[in-house]
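What follows is a set of structures to go through.
The same chain A turns up in both complexes below, where it pairs with chain B and then with chain C.
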Partner chain A sequence: MKISIQINEGPYQHQASDTAYQFAKAAIKKGHEIFRVFFYHDGVNNASRFTIPPQDDRNIVNQWAELGIKNANSEPELVVCIAAALRRGMLDESEASKNGIDGNNIHPAFRISGLGQLIEAGIQSDRLVVFGD
Partner chain B sequence: MAIKKFMYLNRRSSFGTVYAIESLEVVLVAAAFDQDVSLAFIDDGVYQIIEGQNTNGIGMKNFSKTFHALGDYEINKLYVSAESLEERGLSADDLMPLVYEDEDDNWVEKSSVKVVSNAEISKIMSKQDVCFSF
Partner chain C sequence: MLHTVNKSSFERNSLKSCINIIDDTSVILLIEDGVISATKNINSSMIANLANQGRVYALQGDVEARGISSKLVDNIKLVDYTGFVDLVVEHGTSVSWV
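Right after this comes the complex of A and B.
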(Lines of atoms letter the chains of each structure in order from A and count residues from 1; the text may use other names and numbers.)
(Lines give C-alpha, C1' and ligand atoms only; values in the text may rest on other atoms or scores of the structure.)
Protein backbone atom coordinates (compact mmCIF):
# COMPACT_ATOMS: atom_id res chain seq x y z
CA MET A 1 0.00 0.00 0.00
CA LYS A 2 1.12 3.53 -0.74
CA ILE A 3 1.02 5.57 2.49
CA SER A 4 1.62 9.23 3.26
CA ILE A 5 2.05 10.71 6.71
CA GLN A 6 1.31 14.16 8.09
CA ILE A 7 3.01 15.26 11.32
CA ASN A 8 1.54 18.26 13.11
CA GLU A 9 3.58 18.52 16.30
CA GLY A 10 7.18 19.33 17.15
CA PRO A 11 9.76 16.84 18.47
CA TYR A 12 10.20 15.99 22.19
CA GLN A 13 7.29 18.21 23.29
CA HIS A 14 4.81 15.76 21.79
CA GLN A 15 4.95 12.07 20.88
CA ALA A 16 3.37 12.53 17.42
CA SER A 17 6.67 12.45 15.52
CA ASP A 18 7.96 9.43 17.48
CA THR A 19 4.76 7.47 16.87
CA ALA A 20 4.75 8.43 13.20
CA TYR A 21 8.36 7.27 12.92
CA GLN A 22 7.56 3.90 14.51
CA PHE A 23 4.57 3.59 12.20
CA ALA A 24 6.63 4.43 9.10
CA LYS A 25 9.38 2.00 10.06
CA ALA A 26 6.87 -0.80 10.66
CA ALA A 27 5.03 -0.06 7.40
CA ILE A 28 8.28 -0.17 5.38
CA LYS A 29 9.24 -3.43 7.08
CA LYS A 30 5.90 -4.90 6.04
CA GLY A 31 6.64 -3.97 2.42
CA HIS A 32 4.48 -0.85 2.18
CA GLU A 33 5.68 2.29 0.44
CA ILE A 34 5.92 5.60 2.29
CA PHE A 35 5.19 8.04 -0.51
CA ARG A 36 5.76 11.19 1.52
CA VAL A 37 6.02 12.49 5.08
CA PHE A 38 4.70 16.03 5.37
CA PHE A 39 5.64 18.22 8.35
CA TYR A 40 3.14 20.95 9.24
CA HIS A 41 2.38 23.32 12.14
CA ASP A 42 5.12 22.89 14.81
CA GLY A 43 5.93 19.61 13.07
CA VAL A 44 8.37 21.60 10.90
CA ASN A 45 10.75 21.64 13.89
CA ASN A 46 11.39 17.94 13.31
CA ALA A 47 13.65 18.98 10.43
CA SER A 48 16.20 21.02 12.40
CA ARG A 49 19.75 19.77 11.88
CA PHE A 50 20.73 21.68 15.03
CA THR A 51 18.82 19.28 17.26
CA ILE A 52 21.06 17.91 20.03
CA PRO A 53 19.29 15.62 22.51
CA PRO A 54 21.14 14.22 25.55
CA GLN A 55 23.28 11.19 24.68
CA ASP A 56 20.96 8.66 26.28
CA ASP A 57 17.94 9.88 24.31
CA ARG A 58 16.77 9.25 20.76
CA ASN A 59 17.64 11.77 18.05
CA ILE A 60 14.29 12.23 16.34
CA VAL A 61 15.66 14.25 13.42
CA ASN A 62 18.40 11.74 12.63
CA GLN A 63 15.96 8.85 12.97
CA TRP A 64 13.83 10.35 10.22
CA ALA A 65 16.91 11.10 8.12
CA GLU A 66 18.13 7.50 8.47
CA LEU A 67 14.81 6.12 7.23
CA GLY A 68 15.90 7.63 3.90
CA ILE A 69 12.44 8.24 2.45
CA LYS A 70 13.14 9.35 -1.13
CA ASN A 71 11.40 9.36 -4.50
CA ALA A 72 12.55 7.81 -7.77
CA ASN A 73 14.70 10.90 -8.47
CA SER A 74 16.49 10.42 -5.11
CA GLU A 75 14.94 13.62 -3.73
CA PRO A 76 13.91 13.45 -0.08
CA GLU A 77 10.22 12.87 0.56
CA LEU A 78 10.45 14.28 4.07
CA VAL A 79 8.74 17.53 3.15
CA VAL A 80 8.54 20.62 5.35
CA CYS A 81 5.77 23.15 4.71
CA ILE A 82 7.46 26.35 3.56
CA ALA A 83 4.99 28.83 5.09
CA ALA A 84 4.90 27.00 8.43
CA ALA A 85 8.70 26.66 8.39
CA LEU A 86 9.58 30.27 7.56
CA ARG A 87 7.31 31.73 10.23
CA ARG A 88 9.00 29.46 12.77
CA GLY A 89 12.57 30.29 11.75
CA MET A 90 13.21 27.05 9.86
CA LEU A 91 15.20 27.84 6.70
CA ASP A 92 17.10 25.96 4.05
CA GLU A 93 20.04 27.47 2.20
CA SER A 94 17.98 28.95 -0.58
CA GLU A 95 15.37 30.55 1.70
CA ALA A 96 18.12 31.91 3.94
CA SER A 97 19.88 33.64 1.08
CA LYS A 98 16.58 34.85 -0.41
CA ASN A 99 15.68 36.46 2.91
CA GLY A 100 19.17 37.73 3.72
CA ILE A 101 19.60 35.48 6.77
CA ASP A 102 23.10 34.28 7.67
CA GLY A 103 22.30 30.66 8.47
CA ASN A 104 20.11 27.71 7.67
CA ASN A 105 18.93 24.78 9.74
CA ILE A 106 16.98 22.31 7.59
CA HIS A 107 18.59 18.86 7.69
CA PRO A 108 19.65 17.75 4.17
CA ALA A 109 17.43 14.63 4.40
CA PHE A 110 14.42 16.99 4.35
CA ARG A 111 13.26 19.49 1.77
CA ILE A 112 11.10 22.60 1.96
CA SER A 113 8.06 22.83 -0.29
CA GLY A 114 4.50 24.08 -0.49
CA LEU A 115 1.20 22.86 0.92
CA GLY A 116 0.32 21.53 -2.53
CA GLN A 117 2.64 18.63 -1.70
CA LEU A 118 0.33 17.64 1.15
CA ILE A 119 -2.73 17.68 -1.07
CA GLU A 120 -0.85 15.75 -3.76
CA ALA A 121 0.15 13.16 -1.15
CA GLY A 122 -3.53 12.77 -0.27
CA ILE A 123 -4.42 12.29 -3.92
CA GLN A 124 -1.59 9.90 -4.80
CA SER A 125 -1.62 7.70 -1.70
CA ASP A 126 -3.95 4.90 -0.69
CA ARG A 127 -3.90 6.23 2.87
CA LEU A 128 -2.94 9.53 4.49
CA VAL A 129 -2.27 9.11 8.19
CA VAL A 130 -2.25 12.21 10.43
CA PHE A 131 -0.24 12.32 13.66
CA GLY A 132 -0.90 15.10 16.15
CA ASP A 133 -3.32 16.32 18.77
CA MET B 1 -6.00 12.84 -11.99
CA ALA B 2 -8.73 11.12 -10.04
CA ILE B 3 -11.01 13.28 -7.94
CA LYS B 4 -11.01 12.35 -4.29
CA LYS B 5 -13.24 13.44 -1.45
CA PHE B 6 -11.28 15.58 1.02
CA MET B 7 -12.70 16.62 4.36
CA TYR B 8 -11.14 19.19 6.67
CA LEU B 9 -12.13 18.67 10.26
CA ASN B 10 -11.82 21.88 12.27
CA ARG B 11 -11.91 21.18 16.00
CA ARG B 12 -10.32 24.26 17.58
CA SER B 13 -11.22 27.92 17.96
CA SER B 14 -9.75 30.64 15.72
CA PHE B 15 -7.18 31.88 18.22
CA GLY B 16 -5.19 30.40 21.06
CA THR B 17 -3.41 27.94 18.78
CA VAL B 18 -2.30 28.11 15.16
CA TYR B 19 -4.37 25.16 13.94
CA ALA B 20 -7.37 27.10 12.65
CA ILE B 21 -5.49 29.54 10.42
CA GLU B 22 -3.06 26.91 9.16
CA SER B 23 -6.01 24.64 8.35
CA LEU B 24 -7.60 27.39 6.29
CA GLU B 25 -4.29 27.82 4.44
CA VAL B 26 -4.41 24.15 3.43
CA VAL B 27 -8.03 24.48 2.31
CA LEU B 28 -7.17 27.45 0.08
CA VAL B 29 -4.29 25.55 -1.53
CA ALA B 30 -6.49 22.48 -1.94
CA ALA B 31 -8.94 24.57 -3.93
CA ALA B 32 -6.43 24.66 -6.79
CA PHE B 33 -6.43 20.85 -7.05
CA ASP B 34 -10.06 20.47 -8.21
CA GLN B 35 -10.92 17.91 -5.57
CA ASP B 36 -14.24 17.41 -3.83
CA VAL B 37 -13.71 19.47 -0.67
CA SER B 38 -15.85 19.76 2.42
CA LEU B 39 -15.25 21.26 5.86
CA ALA B 40 -16.64 20.20 9.20
CA PHE B 41 -16.69 22.38 12.31
CA ILE B 42 -16.97 20.49 15.56
CA ASP B 43 -16.19 21.16 19.23
CA ASP B 44 -14.54 24.61 19.61
CA GLY B 45 -14.11 24.63 15.82
CA VAL B 46 -17.59 26.15 15.56
CA TYR B 47 -16.12 29.42 16.90
CA GLN B 48 -14.09 29.75 13.66
CA ILE B 49 -17.14 30.83 11.68
CA ILE B 50 -18.89 32.95 14.29
CA GLU B 51 -20.07 36.30 12.91
CA GLY B 52 -18.47 39.51 14.21
CA GLN B 53 -15.01 38.32 15.22
CA ASN B 54 -12.79 41.19 16.30
CA THR B 55 -9.09 40.82 17.01
CA ASN B 56 -8.43 44.45 17.96
CA GLY B 57 -6.64 44.21 21.25
CA ILE B 58 -5.03 40.79 20.87
CA GLY B 59 -2.61 41.66 18.05
CA MET B 60 -3.67 38.70 15.93
CA LYS B 61 -4.69 38.71 12.28
CA ASN B 62 -8.48 38.44 11.89
CA PHE B 63 -8.61 35.78 9.18
CA SER B 64 -12.31 35.02 9.58
CA LYS B 65 -13.15 37.13 6.51
CA THR B 66 -11.25 34.62 4.39
CA PHE B 67 -14.06 32.10 4.91
CA HIS B 68 -16.20 34.33 2.67
CA ALA B 69 -13.83 33.58 -0.22
CA LEU B 70 -14.38 29.82 -0.08
CA GLY B 71 -17.59 30.00 -2.12
CA ASP B 72 -15.65 31.51 -5.05
CA TYR B 73 -13.36 28.46 -4.99
CA GLU B 74 -16.34 26.10 -5.19
CA ILE B 75 -15.87 25.10 -1.57
CA ASN B 76 -19.46 25.18 -0.46
CA LYS B 77 -20.00 22.23 1.84
CA LEU B 78 -19.47 23.50 5.37
CA TYR B 79 -20.98 21.20 7.98
CA VAL B 80 -21.40 22.53 11.50
CA SER B 81 -22.12 20.28 14.46
CA ALA B 82 -25.52 21.05 15.98
CA GLU B 83 -24.45 19.53 19.29
CA SER B 84 -21.25 21.59 19.44
CA LEU B 85 -23.23 24.79 18.81
CA GLU B 86 -25.78 23.92 21.46
CA GLU B 87 -23.17 22.96 24.07
CA ARG B 88 -21.73 26.47 23.65
CA GLY B 89 -25.04 28.31 23.80
CA LEU B 90 -24.81 29.15 20.09
CA SER B 91 -27.19 28.69 17.17
CA ALA B 92 -27.07 28.89 13.38
CA ASP B 93 -27.95 32.61 13.66
CA ASP B 94 -24.56 33.29 15.28
CA LEU B 95 -22.65 32.02 12.23
CA MET B 96 -21.30 34.07 9.34
CA PRO B 97 -23.60 34.08 6.31
CA LEU B 98 -21.26 32.14 4.04
CA VAL B 99 -22.64 31.68 0.54
CA TYR B 100 -21.78 30.47 -2.96
CA GLU B 101 -23.33 30.93 -6.39
CA ASP B 102 -24.76 27.67 -7.74
CA GLU B 103 -23.63 27.33 -11.35
CA ASP B 104 -26.11 24.47 -11.88
CA ASP B 105 -29.00 26.63 -10.75
CA ASN B 106 -28.66 29.91 -12.67
CA TRP B 107 -25.98 31.20 -10.27
CA VAL B 108 -28.48 31.56 -7.46
CA GLU B 109 -26.78 32.50 -4.18
CA LYS B 110 -27.08 29.68 -1.67
CA SER B 111 -25.83 29.07 1.84
CA SER B 112 -22.65 27.00 2.17
CA VAL B 113 -23.33 26.27 5.83
CA LYS B 114 -25.33 23.28 6.98
CA VAL B 115 -25.95 22.63 10.65
CA VAL B 116 -26.12 18.86 11.07
CA SER B 117 -25.98 16.32 13.90
CA ASN B 118 -22.72 14.64 14.91
CA ALA B 119 -24.20 11.37 13.66
CA GLU B 120 -24.68 12.99 10.24
CA ILE B 121 -21.09 14.35 10.24
CA SER B 122 -19.82 10.90 11.11
CA LYS B 123 -21.78 9.46 8.18
CA ILE B 124 -20.31 12.10 5.82
CA MET B 125 -16.80 11.44 7.19
CA SER B 126 -17.10 7.74 6.48
CA LYS B 127 -17.62 8.54 2.78
CA GLN B 128 -14.38 10.56 2.49
CA ASP B 129 -11.13 9.41 0.89
CA VAL B 130 -8.99 11.75 2.98
CA CYS B 131 -9.77 13.42 6.31
CA PHE B 132 -7.47 16.14 7.59
CA SER B 133 -7.90 16.89 11.26
CA PHE B 134 -6.88 20.28 12.63
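Right after this comes the complex of A and C.
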Protein backbone atom coordinates (compact mmCIF):
# COMPACT_ATOMS: atom_id res chain seq x y z
CA MET A 1 0.00 0.00 0.00
CA LYS A 2 1.16 3.57 -0.74
CA ILE A 3 1.33 5.64 2.43
CA SER A 4 2.27 9.31 2.82
CA ILE A 5 3.06 11.15 6.01
CA GLN A 6 2.64 14.79 7.06
CA ILE A 7 4.69 16.12 9.98
CA ASN A 8 3.74 19.44 11.59
CA GLU A 9 6.14 19.47 14.55
CA GLY A 10 9.90 20.01 14.83
CA PRO A 11 12.45 17.49 16.13
CA TYR A 12 12.96 17.19 19.91
CA GLN A 13 9.91 19.44 20.43
CA HIS A 14 7.55 16.78 21.63
CA GLN A 15 7.16 13.32 20.10
CA ALA A 16 5.57 13.66 16.66
CA SER A 17 8.70 13.30 14.56
CA ASP A 18 9.81 10.22 16.53
CA THR A 19 6.37 8.60 16.24
CA ALA A 20 6.23 9.35 12.52
CA TYR A 21 9.71 7.90 12.01
CA GLN A 22 8.87 4.67 13.91
CA PHE A 23 5.63 4.43 11.94
CA ALA A 24 7.45 4.91 8.59
CA LYS A 25 10.08 2.33 9.55
CA ALA A 26 7.41 -0.23 10.52
CA ALA A 27 5.47 0.44 7.31
CA ILE A 28 8.55 -0.08 5.13
CA LYS A 29 9.40 -3.26 7.07
CA LYS A 30 5.89 -4.57 6.35
CA GLY A 31 6.47 -4.01 2.62
CA HIS A 32 4.45 -0.82 2.22
CA GLU A 33 5.73 2.11 0.19
CA ILE A 34 6.25 5.49 1.81
CA PHE A 35 5.35 7.64 -1.18
CA ARG A 36 6.26 10.96 0.42
CA VAL A 37 6.90 12.60 3.79
CA PHE A 38 5.77 16.22 3.81
CA PHE A 39 7.24 18.53 6.45
CA TYR A 40 4.93 21.44 7.22
CA HIS A 41 4.76 24.26 9.80
CA ASP A 42 7.50 23.73 12.48
CA GLY A 43 8.04 20.28 10.94
CA VAL A 44 10.40 21.93 8.44
CA ASN A 45 13.02 22.03 11.24
CA ASN A 46 13.40 18.26 10.81
CA ALA A 47 15.38 19.02 7.63
CA SER A 48 18.24 21.01 9.18
CA ARG A 49 21.66 19.51 8.41
CA PHE A 50 23.14 21.56 11.29
CA THR A 51 21.58 19.64 14.20
CA ILE A 52 24.12 18.22 16.68
CA PRO A 53 22.32 16.20 19.37
CA PRO A 54 24.41 14.71 22.23
CA GLN A 55 26.23 11.49 21.25
CA ASP A 56 23.98 9.26 23.37
CA ASP A 57 20.80 10.71 21.85
CA ARG A 58 19.12 9.83 18.56
CA ASN A 59 19.79 12.09 15.58
CA ILE A 60 16.29 12.61 14.20
CA VAL A 61 17.42 14.40 11.02
CA ASN A 62 19.90 11.64 10.13
CA GLN A 63 17.32 8.96 10.99
CA TRP A 64 14.98 10.43 8.38
CA ALA A 65 17.82 10.80 5.89
CA GLU A 66 18.89 7.18 6.40
CA LEU A 67 15.41 5.89 5.58
CA GLY A 68 16.32 6.96 2.01
CA ILE A 69 12.78 7.74 0.87
CA LYS A 70 13.18 8.52 -2.86
CA ASN A 71 11.12 8.36 -6.05
CA ALA A 72 11.85 6.48 -9.29
CA ASN A 73 14.06 9.39 -10.44
CA SER A 74 16.16 9.11 -7.24
CA GLU A 75 14.89 12.49 -6.00
CA PRO A 76 14.26 12.68 -2.24
CA GLU A 77 10.63 12.30 -1.21
CA LEU A 78 11.28 14.01 2.12
CA VAL A 79 9.64 17.26 1.05
CA VAL A 80 9.87 20.53 2.98
CA CYS A 81 7.16 23.18 2.52
CA ILE A 82 8.87 26.18 0.90
CA ALA A 83 6.79 28.92 2.56
CA ALA A 84 7.06 27.33 6.01
CA ALA A 85 10.82 26.79 5.50
CA LEU A 86 11.76 30.24 4.22
CA ARG A 87 9.99 32.10 7.01
CA ARG A 88 11.87 29.93 9.57
CA GLY A 89 15.30 30.43 7.98
CA MET A 90 15.46 26.99 6.38
CA LEU A 91 17.08 27.38 2.95
CA ASP A 92 18.57 25.13 0.30
CA GLU A 93 21.35 26.32 -2.02
CA SER A 94 19.01 27.62 -4.68
CA GLU A 95 16.79 29.60 -2.26
CA ALA A 96 19.86 31.03 -0.49
CA SER A 97 21.36 32.36 -3.72
CA LYS A 98 17.96 33.60 -4.95
CA ASN A 99 17.53 35.59 -1.72
CA GLY A 100 21.16 36.75 -1.43
CA ILE A 101 21.86 34.79 1.78
CA ASP A 102 25.35 33.38 2.41
CA GLY A 103 24.46 29.91 3.65
CA ASN A 104 22.04 27.02 3.40
CA ASN A 105 20.94 24.38 5.88
CA ILE A 106 18.62 21.88 4.21
CA HIS A 107 20.00 18.34 4.49
CA PRO A 108 20.67 16.83 1.01
CA ALA A 109 18.26 13.93 1.73
CA PHE A 110 15.40 16.49 1.78
CA ARG A 111 14.11 18.84 -0.91
CA ILE A 112 12.15 22.09 -0.79
CA SER A 113 8.88 22.31 -2.70
CA GLY A 114 5.36 23.69 -2.53
CA LEU A 115 2.09 22.74 -0.88
CA GLY A 116 0.98 21.14 -4.16
CA GLN A 117 3.25 18.24 -3.22
CA LEU A 118 1.12 17.57 -0.13
CA ILE A 119 -2.07 17.59 -2.22
CA GLU A 120 -0.44 15.30 -4.77
CA ALA A 121 0.67 12.93 -1.99
CA GLY A 122 -2.95 12.82 -0.76
CA ILE A 123 -4.17 11.96 -4.25
CA GLN A 124 -1.46 9.46 -5.19
CA SER A 125 -1.33 7.58 -1.87
CA ASP A 126 -3.80 5.10 -0.43
CA ARG A 127 -3.35 6.65 3.02
CA LEU A 128 -2.14 9.99 4.43
CA VAL A 129 -1.25 10.00 8.12
CA VAL A 130 -0.68 13.29 9.98
CA PHE A 131 1.63 13.67 12.98
CA GLY A 132 2.12 16.81 15.05
CA ASP A 133 0.90 19.17 17.70
CA MET B 1 -12.03 5.38 9.99
CA LEU B 2 -9.06 5.47 12.32
CA HIS B 3 -8.81 8.38 14.75
CA THR B 4 -5.48 9.00 16.48
CA VAL B 5 -5.38 11.13 19.63
CA ASN B 6 -1.96 12.32 20.83
CA LYS B 7 -2.81 14.53 23.82
CA SER B 8 -4.03 13.63 27.31
CA SER B 9 -7.67 14.39 28.18
CA PHE B 10 -6.27 16.48 31.06
CA GLU B 11 -4.44 18.73 28.58
CA ARG B 12 -6.79 19.11 25.60
CA ASN B 13 -10.39 18.41 24.67
CA SER B 14 -9.41 16.49 21.54
CA LEU B 15 -10.42 13.04 22.84
CA LYS B 16 -13.83 14.35 23.95
CA SER B 17 -14.37 16.06 20.57
CA CYS B 18 -13.30 12.90 18.79
CA ILE B 19 -15.64 10.62 20.78
CA ASN B 20 -18.54 13.04 20.27
CA ILE B 21 -18.18 13.00 16.51
CA ILE B 22 -17.08 9.52 15.39
CA ASP B 23 -19.44 7.01 13.81
CA ASP B 24 -20.15 3.45 15.01
CA THR B 25 -17.52 1.85 12.78
CA SER B 26 -14.61 4.09 13.77
CA VAL B 27 -11.80 3.10 16.11
CA ILE B 28 -9.51 5.25 18.26
CA LEU B 29 -5.75 4.82 18.67
CA LEU B 30 -4.20 6.63 21.64
CA ILE B 31 -0.57 7.66 21.00
CA GLU B 32 2.06 9.82 22.71
CA ASP B 33 0.49 11.67 25.71
CA GLY B 34 -2.89 10.43 24.44
CA VAL B 35 -2.17 7.14 26.26
CA ILE B 36 -2.77 8.95 29.58
CA SER B 37 -6.46 8.78 28.61
CA ALA B 38 -6.17 4.98 28.58
CA THR B 39 -5.70 4.92 32.37
CA LYS B 40 -8.45 4.57 34.96
CA ASN B 41 -9.08 8.20 35.98
CA ILE B 42 -11.94 10.66 36.44
CA ASN B 43 -12.25 11.03 32.66
CA SER B 44 -12.13 7.33 31.81
CA SER B 45 -15.91 6.84 31.59
CA MET B 46 -15.50 8.59 28.22
CA ILE B 47 -13.66 5.67 26.69
CA ALA B 48 -14.81 2.73 28.84
CA ASN B 49 -17.83 2.01 26.65
CA LEU B 50 -15.85 2.19 23.39
CA ALA B 51 -13.13 0.02 24.92
CA ASN B 52 -15.73 -2.62 25.82
CA GLN B 53 -16.73 -2.64 22.15
CA GLY B 54 -13.08 -3.33 21.27
CA ARG B 55 -12.68 0.02 19.54
CA VAL B 56 -9.90 1.61 21.61
CA TYR B 57 -6.23 0.89 20.96
CA ALA B 58 -3.13 2.34 22.66
CA LEU B 59 0.46 2.38 21.47
CA GLN B 60 2.32 -0.06 23.74
CA GLY B 61 5.69 1.75 23.70
CA ASP B 62 4.08 5.01 24.79
CA VAL B 63 2.11 3.21 27.56
CA GLU B 64 5.27 1.53 28.89
CA ALA B 65 7.35 4.72 28.67
CA ARG B 66 4.85 6.39 31.00
CA GLY B 67 4.68 3.48 33.47
CA ILE B 68 0.91 3.11 33.25
CA SER B 69 0.63 -0.49 32.00
CA SER B 70 -1.03 -1.68 35.23
CA LYS B 71 -3.56 1.18 35.36
CA LEU B 72 -5.29 0.73 32.00
CA VAL B 73 -9.05 0.79 31.47
CA ASP B 74 -10.37 -2.74 30.75
CA ASN B 75 -10.36 -4.04 27.18
CA ILE B 76 -8.02 -1.46 25.70
CA LYS B 77 -5.97 -3.20 23.03
CA LEU B 78 -2.22 -2.57 22.97
CA VAL B 79 -0.44 -2.35 19.61
CA ASP B 80 3.17 -1.76 18.55
CA TYR B 81 4.18 0.37 15.53
CA THR B 82 3.51 -2.56 13.20
CA GLY B 83 0.02 -2.76 14.71
CA PHE B 84 -0.34 1.00 14.11
CA VAL B 85 0.49 0.44 10.42
CA ASP B 86 -2.07 -2.40 10.26
CA LEU B 87 -4.76 -0.15 11.77
CA VAL B 88 -4.02 2.53 9.14
CA VAL B 89 -4.28 -0.09 6.38
CA GLU B 90 -7.45 -1.73 7.73
CA HIS B 91 -9.49 1.33 8.63
CA GLY B 92 -9.17 3.54 5.55
CA THR B 93 -8.96 7.26 6.13
CA SER B 94 -7.08 8.26 9.25
CA VAL B 95 -7.82 11.44 11.19
CA SER B 96 -5.31 12.96 13.62
CA TRP B 97 -6.77 14.76 16.62
CA VAL B 98 -4.08 17.02 18.05
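Methods note: the second predicted complex is superposed on the first by the 133 of 133 C-alpha atoms of A that agree within 3 Å, B and C clash if a C-alpha of one lies under 4 Å from a C-alpha of the other, contacts with A are read in each partner's own complex, and residues count from 1 in each chain.
Note that in this section a residue touches a chain if its C-beta (ideal position, glycine included) is under 8 Å from a C-beta of that chain, and two chains touch if they have at least 3 such contacts.
Please read all numbers here as calculations on a predicted model, not as lab measurements.
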Original post:
Which partner does A:15 reach: the first (chain B), the second (chain C), both, or neither?
Top reply: second
Original post:
Should A:101 be classified as contacting the first partner (chain B), the second (chain C), both, or neither?
Top reply: neither
**OP:** Considering only the touch criterion stated at the top, classify A:83 as touching first (chain B), second (chain C), both, or neither.
**Re:** first
Original post:
Thinking of the overlay built on chain A, is A:114 touched by chain B (first), by chain C (second), by both, or by neither?
Top reply: first
Original post:
Is A:122 touching the first partner chain B, the second partner chain C, both, or neither of them?
Top reply: first
**OP:** Have a look at where A:1 lands relative to chain B and chain C in the superposition and call it first, second, both or neither.
**Re:** second
Original post:
In the superposed arrangement, does A:52 touch chain B (first), chain C (second), both or neither?
Top reply: neither
Original post:
Does chain B (first) or chain C (second) touch A:40, or do both, or does neither?
Top reply: first
Original post:
Following superposition on chain A, which residues of chain A contact chain B and also contact chain C?
Top reply: 8, 128, 130, 132
Original post:
Across the complex, what residues on chain A touch chain B?
Top reply: 6, 8, 40-42, 83-84, 114-116, 118-120, 122-123, 128, 130, 132
**OP:** Sort out for me which residues of chain A touch chain C in the complex.
**Re:** 1, 3, 8, 14-16, 19, 22-23, 25-27, 29-30, 32, 127-133
Subject >> chain C - residues contacting chain A, complex >> reply: 4, 6, 31-33, 59, 61-62, 80-82, 84-86, 88-89, 92-94, 96, 98
Original post:
Can you list the chain B residues touching chain A in their complex?
Top reply: 1-2, 4, 6, 18-19, 22, 25-26, 29-30, 32-33, 35, 129-134
